[in-house]
Each structure stands twice: as structure tokens, then as C-alpha cells.
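There are structures below to look over.
Here come two complexes built around chain A, the first alongside chain B, the second alongside chain C.
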Partner chain A sequence: MNLDLALSTAVAGIVSGAYYSLLGLAIALIYRTTAVANFAQGELGTFSTFLLVLYVARLQLSPVLQVLLSILIAAGISALVYRVLLRAQRGGDALNLTVRTLALYTLVHAVTLYLWGAHEPYTARGLFSAGGFDVAGFQLAYDQLGTLVIAAGLGLVLFVLFRFTRVGLAMRSVAMNAEVASLLGIDVHRIALVVWLIAGAIGALVAMLIAPISFLGTDLMQPYILKAFTAAVLGGLTSFPGVVLGGLLLGLIESFGSTWISIHLREPFTFAILLMVLLFRPAGLFGKQHLGRV
Partner chain B sequence: MIKRVACFAALCASLWSGAQAEPGVTDTAVLLGGSNAMTGAVAAVCAPASYGAKAWFDKVNRDGGVHGRKIEYNVLDDAFSAQRAASNARRLVQQDGVFAIFGGCAGPTSAAILQYVTGQPEVPYLFTWAAMNELTEPTKKNVFALLPNYAFQVNAMLPFALDRASPKPKTAGFLMMNVPGAEDMRKAMKEVLAAQGVSLVFDELFEVNIPDYTPYILQLKSKNPDIVLFGDSAAGAAKIFLAMKRQGWHPKSAFGVATLTAEQFLDPVGDYPDNWLSAAGMVSPPSAPESRTCNEALKASYPDQKPNHFTMYGCLAAMIGVEAMNRTGRNLTRAGLVATLEQMTNFETRISGPISFSPTNHMGTNAVIPFGTKNGQFVVLGGPLKPAR
Partner chain C sequence: MNMPLVCVPHRGAAGGASPARQVLLAFALVLVLGSLTGDYPRYVLTLWMLYSLSAIGLNVVLGFGKIYSLGHGGFMLLGAYGTAVGLSRWGLPVPVALVASAVLATAVGVVVGLPALRLKHFSLAIVTFAFGITLFQLVKSTAYTGGPQGLFLEVAGLQALWQGRVLFYVAALLCLAGLALSYSVMVSRTGRALRMIAANETVARSFGIRVTFHKLAAFALAALLGALSGGLHALVTGVVAPETFGPDLSILIFAAVMIGGQGRLLGPLLGAAFVVAIPELTQDARALAQIIYAVLFLVIVTLSPSGLVGMIEAAWRRARGNPPPAGVHVGNATGEEGA
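Showing the complex of A and B:
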């Protein structure tokens, strides 16, 4: 493999990994605070991207403002889902709540298909120009660079939020032990609502980054959501930095694996990794095994 | 007594003849059915084929119909699911009692319908947009097709694409989605390349609807073939071309199957393939003067639908279907329609090459139209091309 191909493969892997990391982070956030594996994360992102492309894009706003407005709408929808579907009728265990998100996944997909399926796929205008530029002999596309900058920026914002703000501290407390956090006076439901808001916004942002290069269809996020779960499990659902690393690692492994070994093994690689991690490191590569007294 | 027996016999004969009425045909209407991806991954590409056909039928109906019968065209959505396509075909024949299954789009769904109609040899299955050998080889009494299969497209068009490229390509790549007919295309491509002394340096089939083509493009880029043969849906091919643009690489020339003559491919990629893409077309582009009647019919029925390759194909299929029903006459039967089609020779549609069928050849098209692009618009590069062999 020559250097040009190796660098291009690495960048492609890191960009894919950034998508997986961000989505995985949204999944881990919700999982840690509400014990729900949100299978509808991707579909909600797809739904919001349709709103952006078909409605918000008609407003006389700059593309950046259109995306920001759509992300706000997505966050609102996500919070509404939490209020209506999970909190209002909480009375179920984690499995019950997770199955509700599966039902929501099917519902949102069916509604999206019904509303907009007839004319898919749509061309979504990207935030970045087409084409790219030469870096040390290899081509870096503007959207790849933009995705990396946005992912890094968002990672930094989340780091600051978790580390240096009261709400972030409360989120971490709820993530560690919701019951204890509640006894300490933290409004767990309010924190969960904030988490769903943030996760909804992240999911929408990822979908809006993917849509311009993949075209907008009702199945836009389906290939990515399973990878995001894999990234979350790989990194360890208990560790937010672990999820980010898990996503990047997954992106790089599948990118180099498909270039070095076989393109057709890209998907099998992913799920073989998921199986192996679940078998040999159930807490993930960077997560901690919980020990309980007996 | 004799009179009574005669009356009874006449009554029986009339009842018998009523019981034997042709499915889907009444005094005032003929019912055609179809299954197409009106929603789902290929809807934007495939659904316009049904709109184009329906618009032409509407025009014919406005002009009085076919021997006084209005054409009703009922299209069920299969969402690009082979299972749903088969079930739609079953419903159209067994429940709705259509006269024929007309139109449709895409290999996997057409293959599913073909499997069903193979067991219903009396039901005509006409002109689905699918480049599959299986539709017409071997000839099936009730199945007629218009879109030349991939192997035909390669045999007719690839020598032209190789000649057009300057300097003449020495190496080639092949990137094709894994659909029925792909292996035949690969075989035909290898034969043409071998005959022209071009070596194949990249050869990959990929699964339908993959989200990211980057790994394929990176590998293609590393092999750097002079010419690449692309076979994908229109939207998929657009993704491939955009991925090449992102990687800052494209081959010196490219050959595309008929999907790359669709606006759903060209609109997103704009003028990027100007001067280096040659694709196998089978119907005039909507911008051509001869396409005007189809465009007007489309506008009358579907004012919001932009004319494109697939609306043109739908229009072409409907034109041929209407012509066949007209020639069959007032006594419209399925067997009569099949017989009429088998006698159709050099029917001039003006938007395609002449259409001919025979009892042993149910593929109506015997040439492809070479397409290229200029300033982000399709241009016809020359006269119809036939395979050398």
C-alpha cells in the first residue's frame, strides 16, 4: 500500500469513525442516564434531515442557520419523545423501555417513508463545498475536513459540559448512579430530558453531515446506527471517551481491513469485532467492569 | 320444440361467451396492472417510468382510447422489495384480473415478477425497465422487453467508448452492483477488452445500496485504470462519481450502463463527467425535439414531474403497448396481443430506434444510443450502435 492510499484510507476511516463516535456518544448518554438503548436514534436524525431539506431549507436563512434551526427542532422532538414515550409511562423495566424505542424506530421509519418515500433519494445541500485539496500528495475533501472539525469541536464542547458545568456534573452523577444522584437532590428526570435533547441534536447533526455525500433517503442512518452501537459497546458504555475511541477504532479497522484484506469484509469485520468484544471484554475496551457485593 | 332447443343453445352460447370474457377487458375499458418502486431506495429513479406510461395512456384516453376502450393503469408499490413485487403481481392477476402486467423497473423486482408470470403463461408481462437476460432468453411466450441486457449494452457500446477515449485505454476497471445480469455483463466486458488488447486491473461487484463507496474508489484510484465500466442505479452511480470527485481522481474515460443516461444520475454530478463518460442510452433525452409529445403528455398528467430518462422510457413502453392493442383490434385478447407483438416489425416511435419483435425474439430493441455529457447536459454522440457480434 502506497503512502497516498494509506493516508486516504486513514482519513476515510477517521471520518466514518467520527460518525460512529458521535452517534455512539448519543446512545451511551441516553443509556447511562435512562438505561435505554435508543434504537430510534438514527431514524430521528433522518426525520430531522428531511425537515431540513424539504422545509427549513426554504426559509431565507444561511445554510448554517438552517442546520442549526433543524438541530434545535431535532432536539425538541427528541425531548418530546422522552416526555411522551418514556417518562410519562415509565412503569416498565429497561427492556420494556428499549422495546419502546424499537417500536418508535419502526414508527418513525414508516412515517418518513409515507411522507417522503415517493421521491427519495433527495439531494441534500452540504455545508461544505464539493471537491478538496492536496495535502502531502493525497486528496482531502472539504466535507471530510469539515466533518473532522465539527466532530472535534463537538467533542470539546461535550468535554467542557461534562467537566466544568453543574449540569454536566449532574449528568455524570446520574450516569454513575441515578438513585444516589436523586438522593443528593439532583432532578434525575430533568437531567434525562437534557440528555435526550443533546442526543437528539447529535443524531440530527450526524445525519445532516452524512446526507450530502450519501443522498437523503428513508434508510439514511440504518447502516450507521448498528455501527454506532458497535462503537459504544467497543469503547465501553460506561466511558464516554471510550465510546469516542471505540468509534474511531472501528472506523479505522473497517477502512484498513477493507483496503488491505477485502472490500467485501467491511461489514463482517464490524460485527465480528462486536461479537468478540461482547465475548471477551463485555465491559468494552475502555469500560470498567462493575463489581457488586453479594 | 326445435325452436326451444335452438333458443336454449343460443342462451348457453351467450353465457359461455360471457364466462370466457378476456380478463381486464370490458366494452369500455382495458385494465393494465403494474408493480413499481413508488417508494423506497430507487423510487426517485423508477417511479417516473410509471408516470411516463400513465401520462401517455391518459393522452390516448383523451383522444378516444383504444378502439373505444379507455386504458386504466393500476400501479402497486413494491418499494423495491422482490417479495412485495411478487405478491403485487399475484394480486393484479388473481384479484384485480388485469389484462396484462405492464411496466415496472429494476432487476430484483422484475425477476420476482418474471418468476410468477412464468407460471402464468397466458398473462402478458410487458416492457419492464430491467436489463436482464432472463426476460427474453430463452423466449417466453408472454414476456416482452425493451431494455437491452447489460451484455448487449457492453457489446454495442464498449468498443465505441474505447475508440472515443484518447489515448486509447490500455487498462480497465469494472465496478458493478451485484444484480441479475451482472455476471453476463462481466463476461461480455472481458471478451471485448481481450479483443481490444486492454487488460483488466480492477474487477469488483458490490452489494446494492451500500452507503459509502470510498473504499472502492480508493482501490480504483490506487490501480488507476484508463477506463472504468460502471454499473449501478442512477443514484448509486451519482454517489460513485461524487466519491471520485471527493478523492480527486477519475479515470481518463468511463463507460456506463443505461442508468447513467438518467437525469437522476446527472443532476447531482453536474458537468463533472463532461467529455470522459460514454453511456448506453435506449431512448431519446427529454431535451431532444422528438421527445416533445411525451413531455407534453407528462405535463398534462403530472405537471410537477420533471421529464427524464425514465418518464421517456415509460412513454416509449406505453406507445408500443397502445400500438399493439390498436393493431390487435376491437376483439382484444391476451393471445391476440402476443401474436400482434410477435408480428411487429420496425415500428417507429421516433424516440428510440425501430422496435421489432418476432416469435423467437421478444427483445424489441436492437441498438443503443451513445450518450455523453456536455456542460452538465446529456448529448447524443452518434447514431444507434449495434453489437459487432
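Showing the complex of A and C:
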């Protein structure tokens, strides 16, 4: 393997790793604050991307505003899902709540297929111009660079939010222990609502980044969402930086795995790595083992 | 073994008087119905029976032990492909192929379960889901198992035997056997151990329950029933294709258990009836069929955490004017966890 190939494989790995990291972060956020594995995360992203390409794009707005508007809509839908599906009808355990999101996944997928399935795939206009430039003899495409910049920027924003703001502090405390947080006067449900808003926005943004580089179809996010789940578990759900690292690692492993071994064995290879890691570290690479108290 | 404090009170599936007799009566009814109807309704009833069998297996793991297994389709795949390869590549007799593939799937269940069952909740769900997808990708990319097209089985003779009644009876009897097995697990020490592990693993361990052993045993039993169901599916449809046994199947069986009512004896049967019957009934709605299915799925699991069984019980109580029995909580109201 020569250096050029290694470099471009690494860049491709980091770019898809960035998608996994961001989506994984959205999933870990929701999981830590509401104890729900949100299966509908990816499909909601696909749905809002369709809204962007088919409806919002017709408005007389600049492309950036169109994307921002669609992200806002997606965040609203996500918050609505929390409010109507999870919060309004209590009485289920964590498993039941998770299955509700699984049912929602089925529903959103069915609706997307019904509305837009007949004419897929669509082409989504890229957020960045085509082409690229040379870095030390190898091509770096603008969309790859743009994705990395956006992902890094979003990561930074989230970091600042968690570390330096009151609402971020409240989120972390709810994630750590919701019961104690509510005893300390934090409105857990409001925090959960904010988390669902943020997660919805992240999911939509990732889908809008992915749509131009692959075709926009009804199964746009399906390969990514599973990888995002894997990244979250690999990094350890208790640590948000761990999830980001887990995503990047997964992207790199997958990229090199499919270059070295075979593109067909990519999934089994990824699964083998996941199983191996969890065999030695059941709480993930960067997670802390939760010690139960009786 | 006495377990005060955490022991979950057990209710009969039909709210009291001898559930065994009622279940047997219901099965006799199904058998008679399946014998008298035409070929196509019988085929649908056969599908119901074998999806029930698979869901009964998953219910032992998911319902009793709260072990999040999202790769149940993988075990059905092993059963189906094992049977198909045994028949068409090695020329084994049908019963031998079916049993051999079920044994293989159980062994795989133990080998995968041993590391995987160290995990809990979310992580376990992802690992088992990835397990199902991996098997799906493997059979899809391997020429020996027919690649993307899958394998055809030379079982037209078996299918036509007594106009499909033979396969229907086999499916129904296996389903009944699975139900009996699941009932015996439910009321035995194993079932109590599983429910206690579900409630709190640390407590279970401190009571001297062999946690790993019981989880693994439940997982292996689920693998066995799933594989038998998959093998029968291959025989009934005469073809195994990767898409039939992909990740969607794992989600379907998971949904069936949750819709029916997890941890309840008859839940899997009702859930399987739902996932088989709704698409059949909504065929005329064509494109809308999936949406109808999804809406019903969403409404049931949101409004009734104990699924269709819970809904029927509540309706039954309301009809008799009885309030719900005070102080009795079936073990699925443990509130939020994991945070």
C-alpha cells in the first residue's frame, strides 16, 4: 500500500467517521438523558432532507438559510416526538420506550416510501462546490473538507455547550443521574426536550451532508444509523468524547478494512472488531463500568 | 428456593382458571380451522404458527430475562439456510436437516452468547443486531449459499402432501411444544431466576443464582426455537433468500413480542398474529398498507406497554366491572433505568 492510497483511505475513513461520531453523539445524548435508544434518529434525518430538497429548496432563500430552516424543522419534529410519543404516555419501562421509537422508525420509513419512494433516487444539490485541491500530491475534495470543518465546528459548539453553559451543566447532571438532578431542582423533562431538539438537529444536519455524496433515497440513513449505534457502544456510552473517538475509530477501521481485505467483508469485519473490544472492555473503549448498588 | 421481596407475582395468561386447558382448546380450534380451510388460508395459518414459534423463543429471552436480543432473525436464518444446504447440497433427509440446523444454531447461540451476554441493555441490542446483519451479509456474499438469489428447495412433494396439511400440523405441534416449554420455563426455578436477573442482576447474583448460566440457557433456547421456525419457513416457502432473513426479520419478531405483550405466555401468539395478519388484511390498500401497519404498531406499544395481552385483559376487566387487582404489578413497571 503506497502513501497516496493510505492517505486517501485515511481521509475517507475520517470523513465517514465524522458522520458516525455526530450521529453517535445524538444517540448517546438521548440515551443518557431519557434512557431511550432512538431508532428513529436516522429516518427523521432522511425525512427532513426530503423536505429540504423537495419543498424548502423552492423558497426564495439562500442555500445556507434553506439548510438552517430545514434543520430547525427537524429539531421541532424531534421535540414533538419526545413530547407526544414518550412524555405524554408514561407507564412504560426503558424497553417499551425504545420500542416506541422502533415503531416510529417503521412509520417514518413507510411514510417516506409512500410519499417519495416511487421517484427515488433524487439528487440533492451539494452544499459545497465540486472538485477539490491538491495536498502533497493527493486530492482532497471540497465536500470532504467541508464535512470535516462542519463536524469539527459542531463538535466544538457542543463541547462549549456542555462545558461552559448552565443548560449544558444541567444536561450532564441529568445524564449522570436523572433522579438526583431533579432533586436538585433541575427540570428533567425540559432538559430532555432540549436534548431531543439538539439530537434532531444533528441528525438532520448529518443527513443533509450525506445526501449530496450518495443519492437521496428512502434508505439514505440506514447504513449510517447502525454504524452510529456501533460507534456509540464502541466508545462507551458514558463518555461523550469517547463516542466521538469511537466514531472516528470505526470510520478508520472500516475504511482500511475494506481497502485491505474486501469491501464485501466490511460488515463482518466491523462486527468482529466490536465484539473483540466489548469482550475485553464491556463498557466500551472509553466508558466507565457502572457499579450497581442494591 | 424462596425469594421474598423481589419475586414477581405470576398471573395466568387468561386471568385465572387453568390456562393450560384453554390454550389446548384454542389450539384444537386452530387445528380444525387449518384442516377445513382452503390452501391459501392454511398457508397463512402455517406462517402464523411458525412466526409464533420464533416469537415464543424470543419472549423467553426478552420478556422473562429482559435480555435485549435484536438478532433473532439471525437464528432463523441459520435454521433456514442450514435446512436448505442440508437438503440441496448434502442430500440429507428433511427431518435430519431440520434438526441438524437447529442444533447448529443452538451451538452458535452459545458461542455468540458467551461474550455478548456480558453486555446489557443498549450494547447487547447493538451487538445482537450486528450479529444478525453479519450472518445476512455472509450468506448474501457466499456462492455456496446461493448468493443474493438464495437457494431453492426440492420440497414440492412435501408441500403438496395432503394439500399442505402435513407442514401445517408440524408447525402447529412445534408451536404448541414451544409454548409448553416456555410455560414450564415461566413457572419453574429457571423462570424465577430469569425474572430476578431482569429485576436486578446484582441481587440475583447475591442470592446465588448463576446469572451467566441462566442467561445463556435462555439465549440458547431462543436460538433453538428460532432455528426450528426458520427451517420450517424454508420448507413451507420452498426458497431461502437473504432478504427474507435480513435485519428486518429481527425487527419484525422483536416487534411481534412487544406488540403481543412481552413476558406474557400468550403474547408471542397474538403478536405473531398481528404481524402476519395485518399485511394480509391490508393487501387491498397497497401502498398504504405499510403505513397502516406502522400506525397500529405505534399506537399499541405506546398506549399499552403490556401489548395486546394487556389490552385484552383491561377490556375483560372493564366488561366484568372489576377494577384492576390492587398491589399486583407484573414485572414490567420498573420505571426508567440506565440513566
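The working rule: the second predicted complex is superposed on the first by the 289 of 294 C-alpha atoms of A that agree within 3 Å, B and C clash if a C-alpha of one lies under 4 Å from a C-alpha of the other, contacts with A are read in each partner's own complex, and residues count from 1 in each chain.
As a convention for this text, contacts are C-beta pairs under 8 Å (C-beta built on N, C-alpha and C of every residue); 3 or more make two chains touch, one makes a residue touch a chain.
These numbers were taken from a predicted model, which means no experiment stands behind them.
Steric overlap between chain B and chain C is absent once the structures are superposed on chain A; the two fit side by side.
In the superposed model, A:161 makes contact with neither chain B nor chain C. In the superposed model, A:69 lies in contact with neither chain B nor chain C. Once the two complexes are overlaid on the shared chain, A:10 sits clear of chain B and of chain C alike.
Working from the superposition on chain A, the chain A vertex angle toward chain B and chain C, CA centres, sits at 70° in steps of 10.
With both structures placed on the common chain, the touch criterion links A:127 to neither chain B nor chain C.
Once the two structures are superposed, chain B and chain C can be ranked by residues of chain A touched, with C on top.
In the superposition on chain A, contact is made by A:275 with chain C only, not with chain B. In the superposition on chain A, A:107 contacts chain C only, with no contact to chain B.
Judged by the touch definition given at the top, the superposed model places A:178 against chain C, while chain B stays out of reach. Applying the stated contact rule after C-alpha superposition, one finds that A:169 touches neither chain B nor chain C. With chain A fitted onto itself, chain B and chain C come no nearer than 7 Å, counting C-alpha atoms only. Residue overlap on chain A between the chain B contacts of one complex and the chain C contacts of the other covers 113-114, 264.
Those residues of chain C that touch chain A in the complex are listed here as 62, 66, 68, 115-116, 118-119, 121-123, 125-127, 129-131, 133-134, 137-138, 141, 200-203, 206, 251, 254-255, 258, 262, 287-288, 290-291, 293-295, 297-298, 301-303, 305, 332-339. Residue ranges of chain B in contact with chain A, taken from their complex: 38-41, 43-44, 47, 79, 204, 206, 209-212, 214-216, 218-219, 221-222, 235, 238-239, 242-243, 245-249, 267-268. Of all residues in chain A, only 1-2, 4-5, 8-9, 12, 16, 113-114, 117-123, 130-132, 134, 139, 141, 143-144, 210, 213-215, 217-219, 223-224, 255, 258-259, 263-264, 266 touch chain B in the complex they form.
Per the touch definition, chain A reaches chain C in the complex via residues 31-35, 37, 85, 89, 91-96, 98-100, 102-104, 106-107, 109-111, 113-114, 174-175, 177-179, 226, 229-230, 232-233, 237, 264-265, 267-268, 270-271, 274-275, 278-279, 282, 284, 292-294.
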